[in-house]
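The same subunit A turns up in both complexes below, where it pairs with subunit B and then with subunit C.
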Partner chain A sequence: MANIVAIVKMVPDLVEELEINDEGTGLDRDWLRLIINEFDNHAIEQAILLKEREGGEVTVIAPETEGVEDMLFTTAAKGADRMIKLAGDFEEGVNNHALAHAFAETAKNHQPDLILTGVQANDDLDGPVGPLVAEYLGMPYIGYISGVTLEEGRAIVRKEYPGGLIGEMEVTLPAVLGIQAGEEPPRYVAISKVRQMMKTAEIAEAEISELDFSGGISAKRMYLPEAAERAEMIEGDEEEIAAKLISIFKEAGAL
Partner chain B sequence: MPERINYWGIPHSWGEPELYVYAIMFLAAAIMLLQFYRQASLWWKVGRPESRWDKLHIRLGRLIQYAIVQTKVLRQRYPGIMHAAIAWSYFVFFLGTALATVHDHFFEFLHGNTLIVYKFTLDLFTIFFLIGAGMAFYRRYAEKPEKLTLDKGFTWTLWMVTIIVLGGLFTESLRLAVERPDWGAWSVAGWLLARLWISTGATETTLTNWHLGVWVFHLLSVALTLVTLPTGTLLHALTGPLNAFFSELDRPMGALAPAAETAEGEPIFASKLSDLTWKQLLDGDACTECGRCQDACPAFNAGTPLSPKQFILSLRDSLHHNGSKPKLAGEAIPEDVLWACTTCGACVYECPVLIEHIDTIVDLRRYLVIEGMVDAELQTALTNLGRYGNSFGKSERMRAKWSKGMEPKVKNANKERVEYLWFVGDYASYSPTLTEITKQTAEVFQQIGLDFGIMYKGENHAGNDVRRVGEEGLFEMLVEKNIKAMSKADYQAIVTTDPHSYNTLKNEYPANGGHPVLHYTELLDQLIASGKLKFSKKLGYKVTYHDPCYLGRYNGIYDAPRRVIEATGCEIVEMPRNKDCALCCGAGGGRIWMEEGEIKERPSESRIREAAALENVTDFIVACPKDVTMYSDAVKTVGAEESVVVKDLIELVYEAL
Partner chain C sequence: MNEDIYVLIEHLQGEVAEISYIMLAAARDLAQRTSGEVIGVLLGHDAQDLTSTLAADHIIYADHAALAEFTADAYQKTVASLIQENEPSAFLFGNTSIGADVASVLSARLSLPLVSSCVQISNGKLISQICGGKIMAESDLAETTTLVTIIPGGYKAEEGQSEKSPEIKSFNAPALDDLRVTLKKYVEPEAGDVNISKEAILVSIGRGIQTEDNIELAEELAEFLGATVCASRPIVDQGWLPISRMVGKSGQSVKPKLYLALGISGAPEHVEGMAESEMIIAVNMDPNAPIFDIATYGVEFDFFDLIDPLLEQLEEIE
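And now, the complex of A and B:
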């Protein structure tokens, strides 16, 4: 019977074109559309799988941003027991240090045996959230996990290394795990189930202390990749192409 | 004067013949009804209630059309004639027996010319019956088509119905051989046989004794057949008509029923027999095992594990023999069987007893969806549809990207009044290979001066196939979004190029202020008829036309697209499977979003081979965006690039303008 907490966040949906804000220091959040971080989605799946297999409770914690409620109701439909949104000023985007403080503070109240989170996210500028939370709570952290088995007071985890190597290791609980992939891909939840949850489930709000950005970074400049100069296509028949090539080579001083 | 003699040649020394004939028949009928009740009561004991007693006159009409005249049975020539010969003859024999009873006990009228007509008719049907039975024996013993159930139950039935008729014929002929009335030749069949008996030189006493023997045998064989009817394959003679009588009346083929609800308003996701209605269980018992559905089924012919016939029979098996497997979805009926269906409607269309396969398939799919038992590709598509309103996983802001750069700009129907609201649909909007065709459609509309607009990002997937996948909640959500966008638009009619969107908008969306929904082929056809659309060229191609399932079988639109094609100066050569027999491309019912699985031959490939075999046909014309995709791929995989080119109907129109 483990008490499992999944800490997850919404990240920019790359289906939309990204725009830079006027100051040129970050994304223009007015135009952003947010989606659950795919790795976090795997962390949720792993949490639910553990609960189904070993019993226990799953609590999902996420900062309050656009779309977070729909996401939390979806996790409720998957089988999460408690959904908590962190009330705070997250819309403008916060760095992971600040976010990890908020996560740690709230997660601690639930005396978790296990904290699961996505191993990374597309908007991580100052490192992933998982290790920071582990640090603030004084717990061990292992990342790039693709399988978890719970035993008395410890967890056996599968970790994937580049090149196809797989490590199996043991960690004392409580611990924080960065999930690369759940043992099963995230399940499908029918819309009617989600809608049902919207009617019956409740999302708790957790008050948090002032956001603490210390230790994070602040971006000086953010910009879209600048288009490199275009390649020029040389058209025409063989003669024309050859003539054109020679003139280009001459121009460049190669001939 | 010709007179009917009751119980001719039956000795009264055994007592009044009526008495024991009626006693035996009464007993046999009672056993039959009891047995049938035991069988049938399971429908309402196990199944959920559902009222199907309304509009009795229409139901009676269906009973006459499908069970007595048997129009669906007659759709196929050989088995149609065969079955009609047997069934109609039996109807006449029943009537004949009933009339004889009336004559014997209530009102004597069978004498003189009436009797001659009576005898002549019965004998004519005897001959008709023998032809039908002969065809059936040939089919069962020599031809043995794959779709047929060659079970001994059917063979027994065929023998029994034949023995009964031969018994009657022999009795009659032996009597004629003794009586030799001068009008005997009117009993054509009996008389011919009587002459045979006469030629044997047997004495009258011998013939009368034979007659008695055959008569008793005849009586007993009828009784035996009655007794075994509910447990044998003749059961369909009762359940078939019942199924036609209780068939769906309240919605067109193109409208599915929403998920059923319990008395407390909880949705029912059907996984077991008791989640289905009694009518769905009756479907199982009504199946005649003719195999027509299976023959027409694109999924079966592609080699998937689905056969609509087996599907229906597994409902029957589960109800009567399969107590250990009360669970249907995923157990008695494996998941891959349920997912293989394209919802093309061919099975429902062909079934002689109006079995409703698709309703039950979708009901069971709804259960799989709610349990999350969907394959990865389908999951991605559904997730995308839920999030972005399209299966491509693209932003809704890109929905009208195809129209970029068009001059004049395509109107936004959510901002300006238009006459026609063009519901573009996912494929035409997002599929990169279809951009050109979608643009051409817009250009044609512009050139003929149509006042039209689109809803840009306000449009969502219409939901036809989402519903058929079994994701009812998502379907409802898409409908809500579209209705919201449409209610902001001011328009007279909806037009779409996509038959799937067309079907659901027309048949499943809440009535939209009575605005008609038109397929573009219908609209073009109307414009040609009213003289608003004129062509400057005669193309002169020899083409064939593929009927999309959701336009043809589902909505009966066969002629409009053909008239438009002909108006462009093309000659249409029909494929063998055309109009209501058209083969499905394999994409419908959400199949286009699913993993393909192991198959022998894709339906689309079979279709292209069919078209490529037509002489001198150069173009394969379709009227559905998905078809362009499906068939262009198929042309490549079967290597038919040299023989046919896949074109959307709009391309012909564009060229001929």
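And now, the complex of A and C:
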């Protein structure tokens, strides 16, 4: 039996065009489409796999931003037992130090054996959230994890190094793990099941005492990359492009 | 606080990791600004020999059995005690499986500011690449020791290498008992059917391929080109291709004659493994995809509209 908490956040969907705010200090959030951080999704999968294997409960905690409720109901449909929304002024974007304080404060109440989170998120500027939460709670942290086995009072984890090398590590519980990939790809749940959860499941709200930004950094300036040398773009309709590609393949000795 | 820039030298299984040299080059840029020195920090056990190629003004070396291989707790304790004692201007870590686990925890433990994913130092400013390479963020060094994690892309490893061995000063590691994390063993990756780092032509697929069945289309194309199919991380995480076919930070580094990137956005973690390819052709519908910034040729087009005419024309010339 394990009490597992997954801490997750919504991040900009990178498929959309991103714009900078008028001050030039951050993203223009008015048009931002948010989706769950890809690696948080893997953390949720790993949490549910562990629960299915070992028994126990999975609690998912996320800051209140646009789309968070749909995301939390989706985790319920996947098998999460408890969903908690951090109520606070997260809509404008906060740094991960502030977010980690809020996560730590809320996660603590659930006496977790294990806290799982994505190894990083695409909008992290002051480091990922997992190691900060770990330190605020006095727990050990290991990131880049792609496999977890629970034993009495400890976990055996697979830590990824470049080239596919794995370091098998042992860590005492409670601990925080930064998940790179769950043991299985994130499961798919049918929309109908999510809709059903919207009717039956409940999302709890946790009030955050005060956002504490200390230790975080805020960017002086944000901007879109100025491409020094951009690719030579191949234009035309599909037939023309195909023909041009073939001549480039020939030139490169691939044909 | 002093002016020096410290760099955590990463090593794994007796080899200095390339990011260490990249960090030394970045540190040199910063040190010129602060008028300080570049100091490499090596934690290890009987590891002095690893320092001979490091372009640092000197090395601080902590030798301890518990530091022989990386584990988070032992590294965090040792680096924390070094920072408290010496208060450098900045401490650079790789944004890697080693550095990231140390830098963030110490930011919280020592209440020091952390700037992550820094790719370049420009006029003393830290330039980070976030949102998959679509946004740049500029930060300043703080009044206290600034912790920085570095990603590749801005500096070449050679710039951080030197023929002349730096002087080594030893540092006593703090008590390293009650460690909560231990390394049991390394598990070597299973060899794949092909070694993509040796292939001359690669057809690489990303999330733009949409479904597992569509991989067939990339395979057909690869066959015409005498190429091997490889992929970005999400394709491997979906279980559609084995890990031996993954290109990037956590996969293989490749340097083929031709790298065809189909539906790959060009996130820094992917680019890290393929930027050195001789020729890169990228097909992507998104005109702002970062892959176009490093590609030789770009095609802003829907892969699925292009693939049939392309395969048909290849068929004809055969």
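Note that in this section the second predicted complex is superposed on the first by the 226 of 255 C-alpha atoms of A that agree within 3 Å, B and C clash if a C-alpha of one lies under 4 Å from a C-alpha of the other, contacts with A are read in each partner's own complex, and residues count from 1 in each chain.
In this section, a contact is a pair of C-beta atoms (placed from the backbone, for glycine too) under 8 Å apart; a residue touches a chain by one contact, two chains touch by 3 or more.
A quick note: this is a predicted structure, and the numbers were derived from the prediction, not measured.
When the two complexes are superposed, the chain touching more residues of subunit A, out of subunit B and subunit C, is C. Of the two partner chains, subunit C is the only one touched by A:125; subunit B is not.
Of the two partner chains placed by superposition, subunit B and subunit C are both touched by A:185.
By the document's definition of touching, of the two partners only subunit B reaches A:35; subunit C does not.
In the overlay built on the shared chain, the residue A:1 is in contact with neither subunit B nor subunit C.
In the superposition on chain A, A:15 makes contact with both subunit B and subunit C.
In the superposition on chain A, A:100 makes contact with subunit C only, while subunit B stays out of contact range. Once the two complexes are overlaid on chain A, the subunit A residues touched by subunit B in the first and by subunit C in the second are 15, 185. Subunit B makes touch with subunit A in their complex at residues 267, 369-370, 372, 374, 376, 379, 382-383, 386-388, 393-395, 397, 471-474, 476-477.
Residue ranges of subunit A in contact with subunit B, taken from their complex: 15-16, 33, 35, 185, 187-195. Interface residues of subunit A, counted against subunit C in their complex, comprise 12, 14-15, 17-18, 20, 27, 38, 42, 97, 100, 119-120, 122-128, 130-132, 134-136, 140-144, 156, 158-172, 175, 178, 180-181, 184-185, 214-217, 219-225, 227-234, 238-239, 241-243, 245-246, 248-249, 252-255. Of all residues in subunit C, those touching subunit A in their complex are 12-13, 17, 69-73, 96-97, 100-101, 103-105, 107-109, 111-117, 125, 128-140, 142, 149, 180-190, 201, 224-227, 234, 237-239, 243-244, 246, 249-252, 257-258, 265, 279-282, 286, 288, 290, 292-301, 305-306, 308-310, 312-314, 317.
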